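Provided herewith is a single structure, encoded as structure tokens, for subsequent inquiry.
Letters A, B and C mark the chains as written, and numbering starts fresh at 1 in each.
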Amino acid sequence: MADKRNEIWVFGDYRNYFQNRVTLQLLARANAIAPAIDGLVCAVVLGHDVGEYVWEYGAHGADRIYVTDHPDLKTYSGDLYTHLMVKLAEEKRPEIILIGATDFGREFGPRVAKRLETGLTADCVGLEINRDGLLVQTAPGFGGNLLAEIVTPKARPQMATVRPGIFQEIPHDDDRKAEVIEIPLPPDIPRDRVRLLRCEYRPGRDQCLEDARVVICGGRGMGSKSKFKKLFELARLLNGEVGATRPVIYSRWADHEALVGQAGRQVKPRLLFSFGISGAIQHTAAVTDAEFIIAVNKNPHATMMKMADVAIAADANQVCTALIKELKRRLKSS
Amino acid sequence: MDFNPCMKHKVVRKTVREFAEAELGAIAAELDREARFPREVAGKMGPLNYFGLQIPREYGGAALDSISYAITVEELSRVCPAMGLCITVHNSVGAFPILAFGTQAQKSRYLPELASGERIGAFCLTEANAGSDAGGVETHAVADDAGNYRINGTKIFVTNGGICGLALIFAVTAPDDPKRGASVFIVESEMPGYSVGEIEDLCGMRANPVSSIFLEDCPVTVDHLLGKPGDGLKIGLKTLDTGRIGIAAQGLGIAQGAFEASIRYAKERQQFNRPIASFQTIANYLADMATEIDAARLLLYRACALKDSGKAFGEAAAMAKLYCSAVAVKTADKAVQIHGGYGYSKEYEVERFYRDAKVTEIYEGTSEVQRMVISRAVLNRLV
Amino acid sequence: MDKIELIVCIKQVPLVSELPWDPKTKTLRREMAEGMMDPAAKHALEAALQIRKVMEEKAVAGKKKIRITVITMGPPMSEEVLREALAMGADSGVLLTDPRMAGADTLITSKILGAAIKKVRPDFDLVFCGSAASDSETGQVGPQLAEELDVPAAAYVERLDIENGHIRIQRLCDNFLETLEMDLPALVTIPPRTFFPRHVPLGGLQQSFEGGDVRTLLAADIALSPDLYAAKASPTKIVNVFSPTAEKENIRLRGAAKKVVEELFRRFEDRIGGAAGKDLKISDLKIPE
């Protein structure tokens, strides 16, 4: 334990493992920034029967892994995990703690930071080390319209929750082995103040829009409720999900669940179709993460058309109809 | 003199704007196209006190001051002028006369129903041969020995006509007395002899069901008489003063809506590879619009402030009505011009504002009548 | 329990269409912007109002007094959102405003809110926060306030019931639908996907401005340590702010629908097919292997 390097911790968030590989992405980023601060990449794994994850994190770039494996930790617990993480951090004094910005991470991270009396930057999309050796955390605000670079000059550790999908994970390498340090469950652990009565896995119930690889968004420019319905057929053909703007929701053409916007859902598909949407900021802010945007609007100068990779100046409804027809032809022929 | 809006007025504006954009924004064009009054939206507005803006709390109203009232009408009209019209007519010429001239029994009986929107109000003065000249009114009410009346006549261009549950009927009770010959009656829509004519096919404000109202031997007991017999003219004039504040607010809201649409369009629309807002002519139009709207707003709020401080506000209300309606028409006209061909299309809301604006120069006293009111006051002063 | 104290922390955020930023101090110039009640906070308030109604209906015999206090921290104009909250049905409002509180990050904000709650409602039962404000989008103040108050907490709550000193919750967290129970006092955060807020009644607004119970507290009133200046005490510092929205070099198509769709597939069939996970190539164009 003579290693005096600065520890960079990554919280091992494995609950949604196959959907969400953010822990692996963070291990990769931690490896990338480690040289600049003479850092040692560590993972912290709390839970029960977590050997599989310990092994996986090692193969994905952790140099050292702290593990507390105990039956009492078999379900995720904000209370207990916070207690254990804080206790461990107070003992080991890491320089940096990175936590995936999953729902759990965004509830757990703030509590750890509060108890450690340190700063925390939310939902980061960039992590760099500056000339002073400080972690520069880039965080979005106002629905991605502004990015802020934030540092924590004095307090330690420097903490960030990090948006999934930003960093590329290091390929699995069985030859990489981490030093595994078992931390026994301390005897004085307080009882969990939150009693978990039931927990059901809901694959994608509410997340389908957020996770969809193809999203079809429609606005009032579709013309009418019956025309708007065509978007669902298009979505079916493209394995996509349908989103809607606020005026569409108000007109009752689609359920509130479908709202893509400030008070609704943020989407990040590989392909976004935007039909008849002019692009109020409440909506555009929620689609900035789309990889490729095809917008259709009669008005070539609509904001949405400027954001698009392909801007089609034409009637949204007619293009939708033509697209459906062409897709059916192509799907039949293959 | 403080020209800063107070916090309450700012919050009232945001509140009404949020409501109007949420509930009316997406459907305003459709309502206009289908000439449909949105009863479902009106149903939501009842519990939110839109039908009792200045009615005292004891009757279920919001007890707002006049500037808040003007802001409410302005913000509704910025999105959906036809709904702004329903609200201003209901509040200022439907409910206000009962509040100002009604007996305690009449107030207790009618104001709660009006404040909740259960009954929508209308004021019926205009006839085929009578408008601003109340002397031409032919509808008459004849009293029997017990003091009860029978009303006969036809009223036209009644705003809210198709939806009103309570109509104030201006009728002749003493044909030979030119000054005190008219009276106002409270007539409930379910009374015998009351019927509604066809909805008028108008140029603008199409979502408001403007109609004729027929009264055929409509029997009203004496407790339906508002004020005393012969008070008609007095009530009518006072009511019109109040009504003018509402119509001015409506014109202001239309101008504001058309102005904002113009700003958006001028920044977005490209010609010769630059946004048209960068052309001086268009920029000048926008500057004029902004200036005139600001002036209109100050005139209107001054009239409201005078009214609330209990001072004479008739002249100020006439000025506000004259100017706000002119600014509405001019701004909507320039908004269409800035939009070019698109402005002439129903795709864009400025086309609707253009049609809706005109009537603000006509009803509740035409601009010519406002000038008459104002010039009289001016001339009287200079003796 | 003959009395239940509900607290809602709300925030005034700039209207999303305005981003008044001071590049010198790197803070929001809130005094320049028109503000609105943060959407998630409004949902949190709605949750409190609905819970009160349910409990009042249940406790007809017990006659419980359920009081809702809204608290906000911000410049003086944040009073607007308190008045609005009162108009929606809250009982009283607390405005925390003091130059010393300006520039607080989430850690310091949670300490200030915690100190205020301990001062004005030491016997609180349940605190509601929005799950994340629409301006800074951190979602950190709720959980950190729970730490400051040392109470159990749950974020993203979609349903809740209060019964006999504890609270039962349903929430969706990373695709897990959880049913949880906590003893009171506790804290919950509400996401803007449930408890859709009511419209603000105008009569309520007039009353809230006439006689609404709103009090203003300064740093000294909540016994903040005299050398605490939020901007200095906050561990995080913003060093740079920029706007990522650069206009794209895009491809523009126009013409008849059929033509543009053909063109779209000619250029992007791989991209569209790739995203959809479908082979969209026309088979007769495929080269036989």
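What we mean here is this: contacts are C-beta pairs under 8 Å (C-beta built on N, C-alpha and C of every residue); 3 or more make two chains touch, one makes a residue touch a chain.
It should be emphasised that the depicted structure is a prediction, and the values quoted were computed from it without experimental measurement.
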What are the mutual neighbours of subunit B and subunit C in this structure?
A
Taking each chain's centre as the mean of its C-alpha atoms, give the chain farthest from subunit A.
B
Counting contact pairs per chain pair, which pair wins?
A-C
Need the CA-centroid distance for the pair subunit B / subunit C, whole Å please.
39
Centre to centre, by mean C-alpha position, how many angstrom separate subunit A and subunit B?
52
Could you give the separation in Å between the centres of subunit A and subunit C, each centre being the mean of its C-alpha atoms?
19
Would you pick out the residues of subunit B that each touch at least 2 other chains?
22-23
Of all residues in subunit A, which touch subunit C in the complex?
15-16, 19-20, 78-79, 102-104, 106-111, 113-115, 117-123, 136, 139-155, 193-207, 213-214, 237-240, 256, 262-264, 269-271, 281-282, 285, 288, 292, 294, 300, 305-315, 318-319, 321-323, 325-327, 329-331, 333-334
Please name which positions on subunit A make contact with subunit B in the complex.
220, 247-248, 250-251, 298-299, 301-303
Sort out for me which residues of subunit B touch subunit C in the complex.
7-8, 10-12, 14-16, 18-19, 22-23, 44, 47-50, 52-53, 57, 61-64, 68, 72
Write out the stretch or stretches of subunit C touching subunit B in their complex.
34, 36, 77, 79-80, 83-84, 87, 199-207, 209
If you look only at subunit C, which of its residues touch subunit A in the complex?
16-17, 19, 21, 26, 39, 105-107, 110, 132, 134-144, 146-148, 151-156, 168, 172-183, 192-193, 196, 234-245, 247-248, 250-258, 260-262, 264-265, 268-269, 271-272, 274-284
